[in-house]
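Okay, handing you the structure first.
Letters A, B, C and D mark the chains as written, and numbering starts fresh at 1 in each.
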Amino acid sequence: MTSTTLVTLLDVLAGSLPDGDGSSFWLPPQVSTVARSVDWLFNFILAVSVFFFVLIVVVMVFFVIRYRRREGQKAESSPNHNLALELTWSGIPLVLVIMIFIFGFKGFLDMSTPPANSYEILVEAQKWNWSFIYPNGYIDSNLHVPVDRPVRLVMGSQDVIHSLYIPAFRVKMDVVPGRYSKAWFEATEPGEYDLFCAEYCGTSHSDMIAHVVVHPVGEFETWLEQASNFLETMAPVDAGRKLFQVRGCQQCHSVDGSVKTGPSLLGVFGQTRNFADGSSLTIDENYIRESILEPQARVVDGFDPVMPTYQGRLSDPEILALIEYFKSLDGSGE
Amino acid sequence: MGAHHHGDGHDPNLAHHFESADQQYQSAKLGMWVFLMTEILFFGGLFVAYTVYRVNHPEVFVYGAHFLDRGLGALNTVVLILSSFTIAWAVRAAQLKQISLLRWLILATMACAFAFMGVKAVEYNSKWKHGLLWAAKYSHHVEEADHDRPTAATDPAVSPDADPNRSAIPPAAEGPAGLAKPAGETDDTVAEVEPENAKVFFSIYFLMTGLHGIHVLAGIGAMIWLLKCLARGDFDGGHFTKVDMVALYWHVVDLVWIYLFLLLYLID
Amino acid sequence: MSQHTSNGVHVASLRLLVTVMVALMIGTWLTVSVTHYDFGFLNIWIGLAIATTKAVLVGLYFMHLRWDKPFNAFVFLSAFLFLFLFIGIALMDTAHYQEVLIPGWPLE
Amino acid sequence: MTADTLTAGGDAAGNALESSYLNSGSGVLSWLFTLDHKRIGVMYLVAITASFLLGGIFALLVRTELWSTGQTIMTADAYNKMFTLHGAVMIFLFIIPGIPAALGNFVLPLMLGAKDVALPRMNLTSFWFWIIGASFALVSIVIGAVDTGWTFYTPYSTTTGTAVISITMGVFILGFSSIFTGLNFIVTIHKMRPEGMTWFKMPLFLWGLYSTAIIQVLATPVLGITLLLLIAERVLGVGIFDPALGGDPVLFQHFFWFYSHPAVYIMILPAMGVISELVSVFSGKHIFGYRFIAWSSIAIALLSFLVWGHHMFTSGQSGITNMIFSALTFSVAIPSAVKVFNWLATMYKGSIRLATPMLYVLSFLFLFAIGGLTGLFLGALSTDIHLHDTYFVVAHFHYVMFGGTVIAFLGGLHYWWPKMFGRMYSERWGQVSALLIFVGFNLTFFTQFVMGSHGMPRRYYNYVEEFTSLHRASTVGSYVLGFGFLIMAIYLFHSLFRGKPAPANPWGSATLEWETTSPPQAHNFDHELLAGDPYDLDALELDPAIDGWVRRDPRSIILAEGGGR
């Protein structure tokens, strides 16, 4: 039997009518090169399972009906054991599970060996968002990839264990603090797909969701160029908001007045704040600039001096955009 | 209750649900061995943590071990072996109904146990004084430490070539360039420069010796209980099961120490 | 010349116990003194071999395994079997991580 | 009458409500400090039932919250605590001690024709350790609960601000409770089998308990040290699991699963033992393939130590380790499959009674088949990458743990209930509740397979819209399930006071626990018994006068009159 007919047969068994995207009753759309082999094995195991499940239930129900207790009738005698029979039903599952193991292992090898010419994207996970860092240094909170080109993710975590999971690609890999973990895929269909955090990581674990945008041939490079120039193409306020989100500021600073590790930035501009050293000041551009580049210089009273410096990590235009954004947070709503 | 009492007229040392003294003894003994098995796996977890950390960071152990006083460690080993001997002899005394000897032997074992804890206290105290504590409380300064370990700099065993081979594990620098720590460099300077995370050695040291110390204390408790049983006359009829059980436990405490001494104190 | 209790349990002779103790003391002296010589990677294995010999002596004679039901020895030894399994796999796996560690983490 | 020679303490039918262990001493203290394995078993039963109720309430709250995306009834932090507590309570307080400590404690010495377990004091200690451990867990719940998930993964568990230490202390102590039970059972089975009961004439429930006990004593100490290391990590900053100190956070997972995977078999092996007893008795047939079933229990116990890494396929574990663990994982499938086929074969040509316990057996076969077969998806490496940490896993282990263990526990409870309390429960209501539980369970968890394979991650407070209808179906199922349990609680409680007095042997079983009165007397048996084939059901006949079963030749199992030990 050729593997294609087998695949079709299994698809039918799995209740899936191949409707183009490879999704079925059981599985989401297939959008990566490995998804097909994963789904093939899934459906194979499903077929084996359905067979044995039906066998067990049918035999069980048949016995219950056929040998249901009747008044004054005792169980018929039959042997208490039968070595040949028992060895047979140990042997058949053994052969099947060996097959499943081999298929699973082969698929796993493909999934863990990225092609040499892969496009590399760095992934930074932290509670509770993802940062995707492209080769030109641009950082985005969603994963954009070209279609039909292998992409390799090199991932690190800043705090606890996270796990990058893209159901449509059948890809999942834990992101462990202190080490690089790797994953790769080659998307086959342009579109937008979900990316989840699959390893429990605390309060907003279930909101640690990003999108994977698969760009059609030729469009990825254009997107990247445009996105990287967001300081020029976007209004400063919007650019500032974007930076605020993707550069990790929002981990410690809220914009709605609630207190996190650092003070909230709601209505911060023009306010007077007291500092730990006893001085006080009305917040202006210069102070914001100082507290980004030298955060320890003047710490707002009641907070720990824990903010890292962004010296060398944010450019002047970026700081200006952030300042514009903070100015817009005057409590009048967006 | 029916007319089927078994307690009356029976050996008071035989519990009602056993048929014979032998069944009772063998049950207790099997139970004890199974318990010792759980003890091995309990300590075993720490040995796994130890091994994994040592294999990954051998320099931390080479460095840290200099701060342990191997003279005191050896003394404690001798003390525990002696106590193992006295408690083994105590079992013999109990079997032969030598009650007075038994009392002395239990006391001798306890004396050893206290001596062990005393030496341990001296050691812990000196670690405390120098800030050589577990990672969260570690506050050691290398400058002061030099007085603590006169042997370190001159120890012939610390040769740059021999060190990487010692643990039969390639130094951590064998990963891709730029990814792994340059452990090779620390080998040359092990006696002078504190390697990164040296404090974890002391975490492991305190965990392992601490858990062992708790077992020693439990052993002392068990021996006090034996003395109480002895005073009550439990052993007069040659019922040595309790002594045997405590002895088995005590030997395991000794066994664990034999390995702890080797693995913590004698690293080069 | 071996003695037994009324329910047939072997009584270790005092001479044997003393001999074992002396052997253990010698073993301890040996463990310490071999550290003055450098056998390269063998150091740890020599140490472990001596320690294990001592442990076997304690087990066989002080703990009476030599005269005990073999099943008790089996119980005790199987604990070590499972421990080695645990150590072995943990080591095999952690060795693999070494090359993907991020130097100097956390970075800030 | 043949019956009363055997059951001198009771009436002709073998009922001994007046003079049983239940009233051989009065007052709370006579229970709390009893050394009687039966009373300890009953206390354990009460304790784990309370835990099950607590865990069940947490489960219903979790399911209710998932009725809609975003907030339904509680905040994300509260939800995270709910699912953590549901898992921790169900696993450590209920399901691990469930069958061994409650049913096993009661039944094991009786099956051996013995007066007690080998180490009764240790048995009581085990119960008290359970109480102390449970108290720590309760304290943790009261002072703010934990939000780590029951798996306590580092570094989350070492950094979260919730009450991790008290609950891990609790679990640590519960571990010793479990070790003591296991140790006791090993010694008891080794040293206290009666005349005639060779290893291969033991009832299969004892094989189940024995293999469980092996895991309990070998694996649980590692849990103890793991939790101790976790506490040390939090309190002392030890560094073994802390990457900032050169430690390895994934090493914790090795530690944890070295215990917790075998622990899965601590849960399922005794359940399999219960099913082996029940399927034979209610089919009126000798068990089929005794030796294969017995050996497969031991095989599962030993293999269970070789598969823990299959919880870590996506953790970054090395390829070679993944391969080894995947291969070994499949090896466990064989003995499990063998058992299922042997149970089915036992029903062949039988005389099948669809009493409540048998309904649970059929339920078990149905659900365990699904639970076991879906394990194949998770053992295979490439499919597990997709399914790991999704609802597919949640559904899989609920099919095994609930569909397997809890269903078998309920079957066993209904089977031994008359022996434990000397009363029959309402058969009709028993069947109704068994059916409701079966339907509710499938509705709750089958939907989760579909969600999981579509990529719904577990431990999610919020979810993407497409899963709403499946989540709602699952939530409705959980209410049906809860309702089934409510009915069960009512009729069982009712039976304690109003139930028909039970005969000594209401089901026609040939194992020794049915040779004493229902409920048993304090000292269990009047005579020293001689064990025969535990599945020789032909040796019994129904006596309509007492509505119970009696031996055709009552003398055949008496070794010595009046105990005579």
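Going forward, a residue touches a chain if its C-beta (ideal position, glycine included) is under 8 Å from a C-beta of that chain, and two chains touch if they have at least 3 such contacts.
Quick caveat, the model's predicted, so the values are computed rather than measured.
Ranked by number of C-beta pairs in contact, the top chain pair is A-D. Ranked by distance of CA centroids from chain C, the top chain is A. Distance between chain centres (mean CA atoms), chain C to chain D: 37 Å.
The mean-CA centres of chain B and chain C are about 12 angstrom from one another, to the nearest whole unit.
Chain A and chain B have centres, each the mean of its CA atoms, that are 46 Å apart. Multi-chain contact residues, meaning those touching two or more other chains, occur in chain C at positions 71, 78-79, 82, 86, 90, 94, 97, 100-102, 105-106.
In chain B, the residues touching two or more other chains are 26, 30, 34, 37-38, 41, 44-45, 48, 52, 56, 179.
Annotation for chain D: residues touching 2 or more other chains are 190, 218, 222, 243-244, 248, 250-251, 316. Applying the touch definition to every pair of chains gives A-C, A-D, B-C, B-D, C-D.
Of all residues in chain B, those touching chain C in their complex are 21-22, 25-26, 29-30, 33-34, 36-38, 40-41, 44-45, 47-48, 51-52, 55-56, 70, 74, 77-78, 81-82, 84-85, 87-89, 91-92, 95-96, 156-157, 159, 162, 165-169, 172, 174-176, 178-181, 238, 240, 247-248, 251, 254-255, 258-259, 261-262, 266, 268. On the chain C side of its complex with chain B, the touching residues are 3, 5-9, 11-14, 17-18, 20-21, 24-25, 28, 31-32, 35-36, 38, 40-41, 43-44, 47-48, 50-51, 54-55, 58-59, 61-64, 68-69, 71-72, 75-76, 78-80, 82-83, 86-87, 90-91, 94-95, 98-104. Residues 71, 78-79, 82, 85-86, 89-90, 92-94, 96-97, 100, 105-106 of chain C are the ones touching chain D in the complex. The touching residues of chain D, when paired with chain A in their complex, are 76-77, 80, 147-149, 153, 155-156, 159-160, 243-244, 249-250, 283-292, 314-316, 319, 322-323, 326-327, 330-331, 333-334, 337-338, 340-342, 344-345, 347-354, 362, 365-366, 369-370, 373-374, 376-377, 379-386, 388-390, 450, 453-455, 457-464, 535, 537-538.
If you check the complex, the residues on chain A that touch chain D are 25-28, 34, 37-38, 41-42, 45-46, 48-49, 52-53, 56-57, 59-60, 63-64, 67-70, 73-78, 80-82, 85-86, 89-90, 93-94, 97-98, 100-101, 103-112, 159-161, 163, 165, 167-168, 170-174, 176-179, 181, 194, 196-207, 209.
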